[in-house]
């Protein structure tokens, strides 16, 4: 296993290099002039040039790129212009919030979509099948910010069931001691039930928003692969052997059917990370998505680069985890590696 | 031939509801297999061989529906029993092996586990002892180094080995009836012979009745005590092997024998069967589904088929049989 | 180093060259495929990381195979799956480049032209092939007409009415009703598809037609018709056949000569009747014994136990059949038996004389 | 309301099991709630240091409340009853007394004042802070310059508690400029501890730490998320504030900010769309205070160097083509002071802003355009800052539509907030919608930056006119010298000139709005448009 | 000809078999009609403001109500169809050409082609897709053209992978070997043998990604990177209307949101339906 992990990591290097290059070029192409921004109002042209020089922006692009990569190698992601904070620190502080939200969203989605997909697969062509398809497709058809706003309007503004959309915790709850950075986990580790409930309540709507968005791909894939597996030879064999229906459905069908679903999770996760940006904006979520959007709008290079790089690493890590999980379930994948 | 039948199928009829009409896949299928004997069901593709087996096993596609018939396994009518009852005897009293053994095994479970699953369910083997017993079973089906192989996955084994594993699974609970559905299709001739020997030997050891489904007349001739010839969902002839080849009575059987390359001295001597299977969705299917291809067709052929009892010596579903 | 330059083996094989120049002459043909523990870029990367010239293990799919096919002759090729039949066929039909050896068609050395360029070669049309699975070998987006017309367009340059006429003639020759020409493969029955596949191959009137298990997927009743069709076409068009099959019953009926392959090598060859009546190689014996027959219930048959040896970098000094062979001795483990002439046939077994004497 | 009820019951059914019952405040929480103020606004500070590079507007609020200045302003009540700072009255903050002569101002510091860390506030700290402001460059230095505070030599430590500012010229804005946020007093000892050779003014430290002695200190700052303040219990700059703890949360969605205030979760909500303020005010559940932004004008600017805006007739045509009232109604929902339709003629008073004489008159506009030789109009681009899209976008759409009627085809260009300043620096945009306000609420100050030939960044029209320059300079001089009559004449002169030449068309003077719970009192409008927590209290 | 007839027959059969697919076909037709003829049919000028009628709830005169500037939302929603549909179609056609061809070539030729295409796809995938789209639009400027390009780029891996997989399984197919025997060169095989078999699967993909393209454009609008005002576009209308939900003017965001949802919904279901149609194995 360790060599497998190492190899996978080595394999991702080319795409990470690609990400670094593309991000660099993209951020340099952004409109807006950081030097003018730094110089403040009423600065003279000379002053702006001065600042441009001090920021190293007067250098030709390749030189800037080398500087950037050198800093990157040192683990220095630069400093945000808009918040003035080191990007690495900002991301470290905000990443758990985003990760907790995205993962919970994925979890919510799977908790709904997988049973729906299985239900649909066991009755293909039935009304249940059509209903599942319509419900999940409707979920993915809503702009995620719109879903979020509607949920806030209904569950907070009209009904008052959900807490105010003020981020990870209410104003009078204090965050649990940081261990993982995930409030749910940290509060449990600290044995703080109140904080756990409080952060769960705050998470409920944004996670649901994300979850609704991811229903369709997961349900669709579950249905398709479950259909394929249910009509496969080995499930027929298991039936012919008279195995208990629980064994047939869970040990034989379900585990095999989950394999393609697991592989799509990487794609779904990537989509969720994108959607996360909008959800965070709606729910005032202190994650890296909203951070990145603001930085992008402000042409603030460093946070955008740092964010994208973090995301790429996260994505790579997730895919690695998916590969490992896949390998855990499917011996063929293990042999391949 | 006086032995007690292990399985009796009577008047079995199966329909498939498809979008383009109802396929009357089986009609009036009757046969019996005595304990310790081997019955071969022979026919071309689409003749309903496998559907018969699936119907008896209760593993038909959701689109399939049994419209009539009985399948008596001991005192239990498999077709009328509840799903739970059937599931309880499947794998215990009546077992089945399939073609394409590599896909018929769960790809992500070790073969040992898969055998153990059946042992735990049907052979009253305690969970802890199951792996050990699985290894024994693998040894019984002639797998070398069974302890190591038990931990292997199907994709790590050859087709022949997979079929041995399938046999081990099917015979784990020592059933009284084994249905082997084209068990050697896709295997090499040499492997085919070995597997067929193995099935024969094991069946003899436990006194099991075997239903052997094949399209290969020569293989059936070599392995079966009795042969059921099917055509388009009908049993056209049912006789002991020797009798059938010595005196085929149904025109289709005779043609089939004549078309088998093994029988002919030269290519020119091979007979071909004119026409093709009728479309089983047709509403105007003739009572004898061979009638439209049959050179010996008579006026009588438009009447209902002659009745075919389950355990006769030599049954022919024909108004104008060869003598 | 290559076998092509090794005069000794060549001499043993061609002890009695055919009087007339054969249509197809294959000499010391070999094909190897690299394999590695890891497929894909990971494996490449790992090997690259190890540094230096990396030896890749190879599958010896076809190893030192020599034979000829005469004009109008039908040669059968039998052997179990994985014995290299398909690879051999693909090398002969110039879909793959050989790793060594010669393929000569009517005196021209085809193996000099790389497979990639052979598509445009004027001799492309001289070797055609009928595929095992007719359904899979016809593009699902092509009608029967388009499928048959394709080689005529490309290889014979036919267009318009001439093309239509030629396609229709091919269909007629193969007993394919013209009305079916507008259908897509999934709208045709198995037998009809087989006819399309044959019509496509014979339309350009090749000299050599390779038939890769053409009836394997068919029912016996259809199989008979197709076999008889092939027999008729051969006579009409004067083709030679290389008939690949695992069904000895069919091979016996249709082939003049038969080649028996085991793990990439030819172990026995000779007139079909002679080979089947009295196999000299234990593998041929096992094959013949294993084939079910209507007539005998097969007592005292040879049963092969165990699994074949690995085709990956096999030891050149061990008989490939060693381990499964009922006759295997120490000699078989230290000396690879060469293909030796026995009257009208060739056998690669140390005990061929012994067997023949019995 | 009925619709909501139906929706309520429906969603109640649908989601009954999903969410727990409404949050119930516990006893302790209720107590804490009374002493805590929850503010919500769109964005938060990016830097806690008012001298920092690129410190944004919310950052001013931190500096205002966490640092003290030498002096501050008194309070007055506006016409609409809103409490506001008094431009003309100064009150002590760190200085208990001061004297101003023609050459210098001398400040006597409070002796009991301490910084948050307990260190006493001395004149040394004041000088260090002033030196810092005029040295670090960028915005603080620029702002100090506006009051002729330019060189460290001007700032003299007389003794521990006496500080003197020497004037380099006589400037009416010097004292007001000392009362703005920039000359906040830093704890120089603490700052020096964090200074480095590369960073002699400890910019890095002050970015995320408040080294002041103001009424509040920042307990926790999560950029982009929240700022939590604790009261400085030993504050001497004024009466001890009532609110112990202030939580300032950033809520990007305006809808959510409205929901929070309406549901009573937030105490004060800023940055709502005008429409929401109007409706909240009408609903009466919460108090909405609106105060006109001093020296603030929303305007359409025309770059006079970009033809055809170099032609006076074209500019006048545009001024006559703007749908002023529509904008007031549909964009501002009446929540602004109209700056158009004054009786024809020159400036009426020295008040600024004041309405101009243009009204929507398309016929006149067309005629003027024809006179300029462009009877068929022309094509141009109308740009605005995306950061202020809520007002600008509908405004520009209305302007665009109206201009189209006289043949001017304007394409709307949304410029992302980041590029806006860069674009302004380039002075390439022909037509813009923009807002400007100055802290120092004096007409000559406004005109110096917006109309003067020195062509500052805020002179977005690149307007240069000798006559105008002369008038502005004269007014500044008159103000410094206290020559009221001359001042009156000059101001009216340049205002009249600006209206006649119309390089920019004032549309309205917007209000600064805040929605707050009825139990919150003590709100006061400040020139910096940020919240002063010190006077707030909660019943 | 017969192919067309057969496909049509099969399509009719699939539609009648699956009511949901039938529904999506109907909706699709409606959207196409609205895109083609919408601007000629709407009751009001979608751009004309009427501040006296601002923020009117839905009524007989204004079916979907009016917005802040008194513009008729129904007219704007209908007219926006052309732009949104256009963005969706243009972006999928673009990515179809780029990703589809690159993927087919990668799958068919393997080797370096495969490696390069695979790397590009991996790199794009490593970005959170929406953020990449944001970055591209922010960098190139927020024009319709750039929104289309950005959407196409973020969908590239999807197409390249699907096309690659499909081409790869067919690379060794019998009919490809048969084509080689028939004297077809590699490029010819790629274009005439492989591509026709891959296109139907890509068409399914196109339908599915059309919905995503619209959502993407809407998301960009929400953060201010959408099309220029006053051009009506669903996403920007939802984004603008979002601020009015809490104050009770729900119709401003609701109707464009509904239109957007229906369109995306329809494209998604259509993709599912097309999958059934293009799969010739399901034809009977």
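Order of writing sets the labels: A, B, C, D and E. Residues in every chain begin at 1.
To be clear about the criterion, a residue touches a chain if its C-beta (ideal position, glycine included) is under 8 Å from a C-beta of that chain, and two chains touch if they have at least 3 such contacts.
All values reported here derive from a predicted model rather than from experimental measurement.
J.: Based on mean C-alpha positions, I'd like to know which chain lies farthest from chain C.
T.: Here the answer is chain D, farthest from chain C.
J.: Please work out which of A-D and A-B is bridged by more C-beta pairs in contact, and write that pair.
T.: More C-beta contacts join the chains of A-D.
J.: Using the average of all C-alpha atoms in each chain as its centre, how far is it in Å between chain A and chain E?
T.: 23
J.: Give, as an integer number of Å, the spacing between the C-alpha centres of chain C and chain B.
T.: Spacing between the chain centres: roughly 33 Å.
J.: If you average the Cα atoms of chain B and of chain D to get two centres, how far apart are those centres in Å?
T.: Measuring from centre to centre gives 89 Å for this pair.
J.: Rounded to the nearest whole Å, what is the centre-to-centre distance of chain B and chain E, using the mean of the C-alpha atoms as each centre?
T.: Distance between chain centres: 51 Å.
J.: By the touch rule stated above, which residues of chain C touch at least two different other chains?
T.: Residues 41 of chain C each touch two or more of the other chains.
J.: Can you list the residues of chain B that touch 2 or more other chains?
T.: Answer for chain B, listing residues that touch two or more other chains: there are none.
J.: Using the touch rule from the top of the page, what residues of chain A touch 2 or more other chains?
T.: Touching at least two other chains: 30-31, 149, 153, 157, 281, 297, 299.
J.: Taking the touch rule as given, give the residues of chain E at its contact with chain D in the complex, in rising order.
T.: 47-49, 51, 54, 68-70, 138, 142, 224-225, 228-230, 240, 242-247
J.: Under the definition above, what is the set of chain C residues touching chain E in their complex?
T.: Touching chain E from chain C are residues 41, 90, 93, 95, 116, 119-120, 124-125, 127-129, 131-133, 136-143, 147, 150-151, 154-155, 182-184, 186-187, 197, 200-201.
J.: Hey, which residues of chain E end up touching chain A in the complex?
T.: Within the complex, chain E contacts chain A at residues 18-20, 119-120, 122-123, 125-136, 138-141, 211, 215, 218-219, 222-224, 235, 238-239, 242, 245-246, 253, 257, 260-262, 264-265, 268-269, 272.
J.: For chain C, which residues are in contact with chain B within the complex?
T.: 80-81, 189, 191, 219-221, 223-225, 227-228, 231, 246-250, 252-254, 286-287, 289-298, 301, 303-307
J.: Spell out the part of chain B that touches chain A in their complex, as residue ranges.
T.: So the residues of chain B touching chain A come out as 57, 59, 61, 86-92, 95-96, 98, 100, 103-110, 117-118, 121-122, 153, 155-156, 166, 169-170.
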